[in-house]
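Single-structure report; data block below.
We just call them A, B, C, D, E, F, G and H in the order they show up, numbering each chain from 1.
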Amino acid sequence: MRISEIKIGGFGGQGVILTGMIIGKAAAIYDNKYSTMTQAFGPEARGSSCSAQVLISDEKILYPYVTKPDVLVVMSQDAASRFIPDMKQDAKAVLLYEKDLVNLEGIPYKATGYGIQATRFAEELGRTMVLNIVMVGFFTALAKLLSADAARAAVKDSVPRGTESLNLSAFDKGYEYGLSLLKA
Amino acid sequence: MRISEIKIGGFGGQGVILTGMIIGKAAAIYDNKYSTMTQAFGPEARGSSCSAQVLISDEKILYPYVTKPDVLVVMSQDAASRFIPDMKQDAKAVLLYEKDLVNLEGIPYKATGYGIQATRFAEELGRTMVLNIVMVGFFTALAKLLSADAARAAVKDSVPRGTESLNLSAFDKGYEYGLSLLKA
Amino acid sequence: MSEALAKKRKIQKYLGNVEVKIEHCKGCGFCVEFCPTGALELSKSFNKKGYHPPMLVDQNYCNGCDLCGLYCPDFAIFGFRVGPNPNFKKDEKAK
Amino acid sequence: MSEALAKKRKIQKYLGNVEVKIEHCKGCGFCVEFCPTGALELSKSFNKKGYHPPMLVDQNYCNGCDLCGLYCPDFAIFGFRVGPNPNFKKDEKAK
Amino acid sequence: MSEQTNHTEGEPRVNPVLPYLREDRMPHIWCPGCGIGTTVNCFARALTESELDLDKVSIVSGIGCTGRVAGYMNLDAFHTTHGRPVAFATGLKLANPDLKVVVYSGDGDLMAIGGNHFIHACRRNIDMTIVCVNNFLYGMTGGQASSTTPDPATTTTAPYGAFEHTFNLPFLADSCGAVYVARWTTYHVRQITKAMKEALAKKGLSFIEIISPCPTLYQRRNKLGDGLQAMEYYRDNSVVKSGADTREVEIKYQGEIICGKFVDRERATWLDCYNTRNAAAIGARYRPYPWRENGEGGVK
Amino acid sequence: MSEQTNHTEGEPRVNPVLPYLREDRMPHIWCPGCGIGTTVNCFARALTESELDLDKVSIVSGIGCTGRVAGYMNLDAFHTTHGRPVAFATGLKLANPDLKVVVYSGDGDLMAIGGNHFIHACRRNIDMTIVCVNNFLYGMTGGQASSTTPDPATTTTAPYGAFEHTFNLPFLADSCGAVYVARWTTYHVRQITKAMKEALAKKGLSFIEIISPCPTLYQRRNKLGDGLQAMEYYRDNSVVKSGADTREVEIKYQGEIICGKFVDRERATWLDCYNTRNAAAIGARYRPYPWRENGEGGVK
Amino acid sequence: MKADPSGVLTGRHYFDGNHACCEGALAAGCRFAAGYPITPSTEVVERIAKRFPHLGGVFIQMEDEIASSIALQGAVWAGKKAMTVTSGPGLSLMMEHIGLAAITETPCVFVDVQRGGPSTGLPTLPGQADMMQARWGSHGDYELIALAPSSPQECFDYTVDAFNLAETYRVPVMMMMDECVGHMTERVDIPAAETIEVTPRRYTTKKKGEFKPFEPGENMVPDMAKAGDGLRFHVTGLTHDERGYPVINAQAQDKLIRRLVDKIRLQADRIVRYEEDAVENADVIVVSYGITYRVALRAIEMARAKGVKVGSHRLVVCWPFPEKRIRELAARGKPIVMAEMNLGQMYWELERCAAGKCKTALVSHAGGTVHNPEVIYNAIMEAVR
Amino acid sequence: MKADPSGVLTGRHYFDGNHACCEGALAAGCRFAAGYPITPSTEVVERIAKRFPHLGGVFIQMEDEIASSIALQGAVWAGKKAMTVTSGPGLSLMMEHIGLAAITETPCVFVDVQRGGPSTGLPTLPGQADMMQARWGSHGDYELIALAPSSPQECFDYTVDAFNLAETYRVPVMMMMDECVGHMTERVDIPAAETIEVTPRRYTTKKKGEFKPFEPGENMVPDMAKAGDGLRFHVTGLTHDERGYPVINAQAQDKLIRRLVDKIRLQADRIVRYEEDAVENADVIVVSYGITYRVALRAIEMARAKGVKVGSHRLVVCWPFPEKRIRELAARGKPIVMAEMNLGQMYWELERCAAGKCKTALVSHAGGTVHNPEVIYNAIMEAVR
């Protein structure tokens, strides 16, 4: 039983939990796999950093926590410095980061890293809020754990009604940018 | 270790518990013996019959409940019919009863019985309420478990301030009547 | 008390009566005191619990209004109407 | 907002100043909005948490009343009086 | 004397209160001259006059002498925990709005431990009738002070006299939103009956305070005589002021007792509000609660 | 930017609120634009102006965002259980009447779960100051309806809009006997400060309601903007009516907010009553509580 | 009886445990809920508040947990299936009414999403330290049933079970969730309504006069009645006879309270539920429940990888405790290790039932996060050393 | 420290247990009480209400038990020794605040005069079925101390002990009385004040800044502070560090909660108290407590009269349970019989500690009256058969 471990970190307001939720749902509902999403509250309920952990597997998942992420998504400097050291020390591991908010200098890691200006992309779409959906697209392209269809379907039924097409564009932005990096 | 078992029965308002209290206190405080008083509530808190159980002994009392009374004081018909059958079946046992309120006909017992018109005595003293103190005097004379001084002292410090002399007269009434029966 | 009661007493147009569940009575006197026609009195005798239950002084005074019943906290009495009071007119004339 | 703020601005008789604990500021804008003399503005730059802390537009406008301090829910700013404002009279005359 | 006496003519009759009682539980536990039983007569009569389907009337009590009322009534009856009858009744009523729900509660039960449920039920205007028998103390537990014991009456926990300011219950009920508020004493049997009838007919939270003697603990301890003397006191010292400003009906120790219907107003009930709001937000799809399949039909 | 900036001349200064805070616990947990912190400034200033011995001032909170105030104040501070600060404060005050006791409580803490303690403390007129930060919902737990959420604001437990009638807190406090009752909004920083100062000086139970933004949960969910917009709303829609009849100061959703000092009266405190009554009953032997050995001396 | 389709959200969902619990309740027929918000449980009633208006249900946010825990019972006696939801501090406040539900045999469900305690403790973080409270927290003797799910799917399934058990035995049933399970999101498959077994309330068929509301029937359990049906019954928290009338003496107490206790104790075999894996040849057995079960599985995996024969016994129903089964397992003489997120609660029961027949060890944890599986692994290895 | 003579009613009295308990509290220095009336405990506070005005104490009848159980703690932090008094239903309502006292280490005394439960149960009749509740009734992990007197004299003595233990260990201490003991009148000898040992509160000598209100000192227990002394301390029911500041994580939880639990568990040898008679050569030992102890003595007498060697182990301190001693007694291999007025509560602890080393038997009783000694006698005879 191979379990893929994913961790997503950022600060409150970036939609970290929703990112985890969509990834998990895409796997569990639309790709017919098993997946578990857990969230970590900061020491206090409000205003601090937060993270989501997603496991994806072809079999039922027992132990539901991430030990060493295979894929790490970081959207804040704080998350980068706290979580990168715990990553799988392996080039097959994937590190996805918000290029404008995270500076990887001085943080050692073995994973393959890909950066994206997700916030800027989101701003271009007219809604900073969708930065996390850009990230989901980026993740789908690079982590190779979800089918694009599943991810799109999960985005569609997880966002507020009326914002579907905006969010799908955000997804596509991230997805295509991700594919373009692969090709490069 | 010889324990004397005393039970007092009547209905609410007759001062049954106070009777037990004074007897117990006389023994425990003024005669320097050991004594235990327990009370039985009726099935409901108000308006029903009640009883007090007193144990007197020269040694510390462990089991604090009456099994077979050596002395039974009954002030109501209900108490008489309920408690007399449980008395020690022995002529040395003493049965004291309120003559006007209790009719012993048809109730078998082996104890030596003494009746007193305690309520009438009390009325004569001007306060029906002191019928229980008349009973304490009667008890002191006939049960031979308390010294008269101890009983008097216990009466004195158990009744409301200002009513001491009335109550002591009531005590004496019952005590003397009891002695007179003995002499007879 | 009885004086005040006596004052209320008048022969009633309708004849009433009361039923008393003697053993349930606790002798509180509500019925006696608040009978509008003073028709009741606490009896001298005791019930088994030692209370004095009420009794009708004279049926002529009771009009069966059941106010006694409405007052009785022990559900031990109630009044009811029997019919017109044959004695009523006589009394009026006498007056 | 800024227009309304600009209107309030006048050179003050006393010179005040503010201290801002930039990392505690959450950019709520209370201080800016409720400074009676419109002396504050949210700065363009961010603090580490991504909020825009306030800054004095011009010390001449601040009289050190500390209303900003009384409003600031994050205890991140306070105002104080420095002394008489040498620019004050000039301004009056100019008026 | 036989069990039923003085019955000289006519058919055997029954005490009109009897059908409302659980006869197999009589005699009750209340003391001689206790006023609670009197209020039960009035309640029975109000039920008769209201012509309610008694199968649909539930009575809920907490713990206390007054709390025993539920257990004696021949209705669906709930003798719950001390202080909580109003909260229980809230669940009962909302789960089946077809029930007529009456709470019978003592001053301690309702306003000491149960005060929060009372004020919130008034605020929400839950459709129920609350009868509070106020005997100025805790009867069942032997005469402790309550939040209505007037200074300087003594109680077992106020041996030197009660000294706390007291609640003016009609004012509190009014302040919190009850739609019907009245006060009477056990002397006022006809008025209580009428008030109960009105309360039962009223939609929303109706509140009736009944001042009642506790001869065993309150009157005796304070040398105020017995139950009868209390009743005479009520008769002689009650002032009927219907419509009085509830601010002005406070009770002082052995002072005058202002009685009457103080409040009678309209205000949407909790359930009205629930349906109105949901209908507004959800629209036509919303089926008002409780949904009746065919107009007058039963609760679905 | 350095930590302390814009400090161009003069000595290093401290924020006047700082001595009242536990600096080692800063920054606090409140959200951007939350009004609670603003009230703390006012409280600190009121303490300064009251010239109280701060060593004798205790602050008590329950659980909630507002409940965190106790923990940030550099006073003897008690962060108790949800709904119970008033009951805790009652014990604290009566056990040492030399303490000045302040309760800081949210609308849920004080009036939902804590409602009974509140009304009884008002009735008893326990000598304490209660500050209620009313943000119209439960902040700490994520924005559920409270007994002050106005219809039709939505909350997480009133997803189709709140619909219950709400409490009018000043009226309730008034009805139950508080001797000082005021309401202000967080916009009214000077008035809050003055009210707090008056409340601290008042003997008996003083109550101040402060309407405060919860941008994260109330304003945002109801599309009312952020904290600043709430403050502007307060500024533009508050009507100061000191002395207003508390019956008439109810708050409606986005309606006008009547502010002011509504009640300021004299009434014996619980402890006054306790001493008066005991002295009357026990006589000269009674030593008033707390007994001071030599006039101004400490509590024995 | 099958579930009412209107309340069943048939399909595949990605839900956290709290949402799943809500859906379980709806599927089970719950149509009344009273609650008071408390982290980490509030999402359950928040979802209920959204769903009920469409289903003819009523949710009321009461003034506190005490009110919730009895409003609930009022609703049951009016004929609804009902529940309340809380966490430790709220559960403490509900204790008096758990006793009321026990003595009045009111079928109802209490959901406790456990967080770190005591007192306000760790409001946002997990614990499993309300286990003994669930069983013993109210005064007097009584018995009830408690279930501990370990996944959102089980939050759904067991909530249905909880309602069914409540009806079968007329006891309060406790859903002992925890913050982890409540806030963990997984696939939840909600089956078709016609495949969900729902236990209907067993109403009496007797008439007023014949009907005794506390006369034991099937399973030692009396038939129910509801207000408004003309039965004019009486329910009291006092000790009572079969008519539901107060009887204040030791005989009535013995008769009533022994039955209340025995209806669970004597029928424990039918109520007890556990899941076992490879206990037959195990050299050590790990006992666990709730989220800790899933953590223990990781430790078991680790130990098995080292060649240790590890069995697992997982409590599904925690109360009544599987006494008989634990005695059997202990009789094998091989050590039993228990992991729970508290400083020893169910463990005392384990130790009692092991009765010295085997070594037992507790892997305790004060709460705030799940165990590190290594710690359980170490205890396993220590036990077989 | 010796008792303040003003509160000590030195002399020989004829008191019931409730009155004796009041006098014990006064002798121990209790000067604040908050209560709410409930049978059969009310006489304790009624007497307090009479006595306090003469002693500079304050009694307040609060609006309910919840308020009482926390007003009490306010008074403690203001510097008073304080208690509250209740019975089962009230105790259930106090559960949240027992947890608060535990986590804030507030020394205080809760008196529970046990009656028949659950729920309203048997208000005027005895029970011993709150024993497990006393230990486990609040959510989360904590430990406390519980004492069970069997006579009015012990009601006096143990109440003094309860206050002293509360100060020594800074835990809530439970006086587990019962209706029998509370309403039984016997001779109570109140000694001279100067012979009554009273544990003063151990206030810190540190200054503001140095002082950490939850830094463990002697006996793993922090020094106390009181409001008004300028220490400006912070007390919270959240998990906290030594400064009393909230810290919401598993490490802080582990540190704090383990200490709270360990300060009792690790020092149990010093706290545990029991009375034994003739256990050395006994063929059977009877374990009991409270009023049941005195009933058991009668049964023991009866059995001894038949030549059976019966020993007695009587719990004085019920919590912590005398685990070590029971293990020793069980190791003798001779049967242990336990009598208690409930359907099995302390017995589970006995069974656990016996660990299969000896036969154990429970003589249960649902409450409402004491056991018939014959029944215990029969169990004794059965055990040695």
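Going forward, contacts are C-beta pairs under 8 Å (C-beta built on N, C-alpha and C of every residue); 3 or more make two chains touch, one makes a residue touch a chain.
All values reported here derive from a predicted model rather than from experimental measurement.
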Subunit B to subunit H, fewest steps along touching chains: 1
Most contacted chain pair (by C-beta pair count): G-H
Where subunit B and subunit G are represented by their mean Cα positions, the distance between them in whole Å: 55
Mean-CA-position distance for subunit F and subunit B (Å): 61
CA centroid of subunit D to CA centroid of subunit F, Å: 29
For subunit F, residues that touch 2 or more chains besides their own: 30-32, 63, 79, 81, 112-113, 115-116, 120, 140, 147, 160, 270, 274, 278, 282
Touching two or more other chains - residues of subunit D: none
Multi-partner residues of subunit B (each touching 2 or more other chains): 44-45
Residues of subunit G that touch subunit F when the two form their complex: 35-39, 42, 45-46, 49-50, 53, 59, 61, 63-65, 89, 119-120
Complex contact set, residues of subunit E against subunit G: 22, 24-25, 54-56, 58, 60, 63, 70-71, 74-81, 84, 87-96, 98-99, 116-117, 120, 270, 274, 278, 282, 285-287, 289-291, 300
Complex interface listing, subunit E residues touching subunit H: 63, 79, 81-83, 112-113, 115, 138, 140-142, 144-145, 147, 156-160
Footprint of subunit D on subunit F - complex, ascending: 1-10, 13, 15-18, 21, 26-28, 30-38, 40-42, 45, 187, 189-190, 193, 226-228, 231-232
Of subunit F, residues touching subunit E in the complex: 112-113, 115-116, 119-120, 123-125, 147, 151-152, 160-167, 171-172, 175-177, 267-268, 270, 273-274, 276-278, 280-282
